[in-house]
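Pasting a structure here, questions to come.
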Amino acid sequence: MTTAKPIPTSPWPMNAWYAAAWIHEIKRALAPRKICGKDVVLYRRSDGRVAALEDACWHRLLPLSMGRLEGDQVVCGYHGLVFDPAGRCTYMPAQETINPSACVRAYPVEEKHRLVWVWMGEPALADPAKIPDFHWNDDPKWVGQGGTFYGLKCDYRLVVDNLMDLTHETYVHAGSIGDDAITRNPFDVTHTDREIVVTRWMKNIDAPPFWRRQLGKPGPVDRWQIIHFQAPGIVAGDVGVAPHGSGAPEGDRSQGVNGFFLAAITPETATSCHYFWNFVRSFRTDDQSLTTELNVAHVNNGRGVYDQDVEVLEAQQRAIDNNPRQPFYNLNIDAGALWARRMIDHMIAEETGGPVAKAAE
Amino acid sequence: MTTAKPIPTSPWPMNAWYAAAWIHEIKRALAPRKICGKDVVLYRRSDGRVAALEDACWHRLLPLSMGRLEGDQVVCGYHGLVFDPAGRCTYMPAQETINPSACVRAYPVEEKHRLVWVWMGEPALADPAKIPDFHWNDDPKWVGQGGTFYGLKCDYRLVVDNLMDLTHETYVHAGSIGDDAITRNPFDVTHTDREIVVTRWMKNIDAPPFWRRQLGKPGPVDRWQIIHFQAPGIVAGDVGVAPHGSGAPEGDRSQGVNGFFLAAITPETATSCHYFWNFVRSFRTDDQSLTTELNVAHVNNGRGVYDQDVEVLEAQQRAIDNNPRQPFYNLNIDAGALWARRMIDHMIAEETGGPVAKAAE
Amino acid sequence: MTTAKPIPTSPWPMNAWYAAAWIHEIKRALAPRKICGKDVVLYRRSDGRVAALEDACWHRLLPLSMGRLEGDQVVCGYHGLVFDPAGRCTYMPAQETINPSACVRAYPVEEKHRLVWVWMGEPALADPAKIPDFHWNDDPKWVGQGGTFYGLKCDYRLVVDNLMDLTHETYVHAGSIGDDAITRNPFDVTHTDREIVVTRWMKNIDAPPFWRRQLGKPGPVDRWQIIHFQAPGIVAGDVGVAPHGSGAPEGDRSQGVNGFFLAAITPETATSCHYFWNFVRSFRTDDQSLTTELNVAHVNNGRGVYDQDVEVLEAQQRAIDNNPRQPFYNLNIDAGALWARRMIDHMIAEETGGPVAKAAE
């Protein structure tokens, strides 16, 4: 039972494309997802396109995902109301006339770069051209096998913070990709209207174990981490190493190895999110066993590097929930995350005209 | 995080007889039940009558049901205070004088039609003549074996809604009692001050599998569903089939088979209830294996028809909790449920002089 | 269901020494404890002293206990900030200059009488001389093996109530230490500024089974229970029996057997606490098997006498949570507990200048 309190502005914009599923997950069946606090049911139509409807029957609120798919329409599992992919009710039990206002919300939905994207805000503004650039996911030059943390128990912005500052690798991922060199070397932050870029070059260092194996050569390296952020929850991190002196900082990466970590982070509730991730590479792209090995290095029953992040992120959210000390204090390393937050806040303010909830800031 | 809000009127009347237990469940032992938000302890006295006391010691609130029965009195398990069946404290540890105001509440209680009924409101108004008519439960012409869903996680009124409109059988119970004929055929709603009746006749139809087996004859049938509701939570549904043309609609059911589903739905909290059910029949009354079969058809580790309803009802309650869209939209089929709600609201308004909580409406 | 209420002052004083751990539990490792609603991390420094810090990093709130100990300092497991035992930040990643205000709170901490005591309030007031007298814990004349109920799910004051009135033994612990004689015999309450004492002598009675075994002699006994309370959560109970007529009430206990139950009860949250307990004796002090036996008699997978108390206390807390009837009604037997509550309230009022929360009173 809930009541009277000022509903805070949600800590996310609604007018944005959010990753809702991997394309291969949506079949001729009803797939529920909670996105930006809304229950959504996804399914594939007979023509192959994906539909996304509000997952609550107009009549008595039963999740439509508990019903069944019949052709391209969804039949409610309680009283049999039928809704078409546009959300219109096309059948009501025991009556000839259908209430013309009977409908559920239909969300604009697109498939691109191996992901299903849903637009949670004003449908008229849903421009497919604004879907984030994740071309690495299906560009044949890049190979990788990712996954999803559905229902990760933290504010989606904590994941953004995590990825926008990689000094945490030194402490959270010591022994694999972590390295004191990350902490010692300075970084630059630049930004445009659409994108924030955090660039760090670590020149003439000893490669950390992970990258040494990928490079397969001895000797000092130049290592780079160039992180691209697009609000509200898209991160693409260009990372790699090349032999020191082979010209990588100047633009010639031909002697090195290069990967991208890709993250599409979708709010589920104010304190949980879905984290679609991939790690793709442009070297040894035919080596399927390397693909599997890299997948397992990231997520592996709590022992992968992303599992370590999840442990920290969920503990941080619990600490925020228990701790009234707000807002966070910041370090120099937080410059990229702060710009990201600012960009998110700007999107929300533009859309609502009001201030932004500070739930987990 | 919670905030200031007005305490809502409870969504049930207090001045009503509520089923609290099956008679056979109350023995010479302390049996706790939460009814209308109140903790109650039931026990059988040495003279065989049932007592119902507030299940919280006057002194320190420990549930009396954690203590022990001594003769006809209850001894608290913490400091030994003793309460008689009228709720009066008859012993206090280490003191001669008993505070005359020391007592717990005693609730009027009656046994009738195989159920124990408790009156939760003003004791002076507890008239045994107002106990709902459930004579089918112990009338020798009717045979059946029911059960209870204790702590079913939904507002008790959602169960009423469910039973007042049987078109849901077509979708929730397809393959057993569900049938498109239910949805196709019209129904009538009539009402008096005390009762609402929803009547549906489906004439000259093919019997659904369940009823075909019970009838044991081929050929088209006339099927009936005549549902009687008494506020706040009593439903008796007269259901059956007879060979088409044998006169059932006109009153001669002698060639058919007839059953009643009986439901006594007792609020536990605003979002949970106890659902006492039975299904009785007047045919093959000596066939104990049929009795068992019908019991299992209703409740069977999640596979019975009532298990299907429970799954839907609890999902609906969760959707209501998550979804601010209120009140419900209604269809023609909801006419019976709407009359039932109106009768409940009227009872509450009469008793409180105020408006009714809309928690799950 | 909740309602409008002012946020209460916490039901405990902050300016007090609270038991946080047994000395042997704190090693060269990070040990988290929640005390008075605050997350604290304890560890032993290389010089053997114990440090106690706020268990939330200044930067992003991650519990420091998820990091690692490095020398005498704690390294945060997220971004590597380092804090010394005084709570000062001594390292920040990727920056030369350390924000001088960067710190976590350090709590005064002392080891005494086998326990680690933490002062949660104003550090300037933390006078080690005010640590409660628990000398029985490490006085060689007394022997015993205790334990802790960490996170016992009740207001710490309910445990105080429980120990300040032992008539509950008659009902909760019938068959071991419970005895009608406790209830029949009167008691005295005396108090000073620092201490409340409840004294009960039961003269010329048959010893209850537990004490009969310890005494090892037949015949009537004089039994005593002399309970010392010091606010906010310290209880030391002087208990024993001696042969009737051997002079115990007059001061000669030489023919009897004597024990002390010791309780240090530390608030965790408003509805949970840590209960450090011991039972020490001055007879058969070399008998290790008796030490073990007495430990098991108290706590034994739900079957010991303290397990019985825990069951009652947690049920009482649930009843308080569910039951708006406040405050408690009191009996004569509650005189000691009422004085204890008054002394606690006085401590809180002195420290806050305001009234005291009645959450579980």
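Labels for the chains are A, B and C, by order of writing; each one numbers its residues from 1.
Going forward, a residue touches a chain if its C-beta (ideal position, glycine included) is under 8 Å from a C-beta of that chain, and two chains touch if they have at least 3 such contacts.
Just so it is clear, the structure is predicted and the values come from calculations on it, not from any experiment.
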C-alpha-based rotation, chain A on chain C, 0 to 180 degrees, nearest 5: 120
Same vs different contact residues, chain B with chain C, by half of numbers used: different
Distance between the centres, which are taken as Cα means, of chain C and chain B, whole angstrom: 47
For chain C, residues that touch 2 or more chains besides their own: 1
Complex contacts: residues of chain A adjacent to chain B: 1-5, 39, 56, 58-63, 66-67, 75-80, 92-95, 99, 102
Chain B contact footprint on chain C (complex, rising order): 1-4, 161, 165, 167-168, 170-172, 183-187, 311-312, 315-316, 319-320, 322-323, 325, 328-333
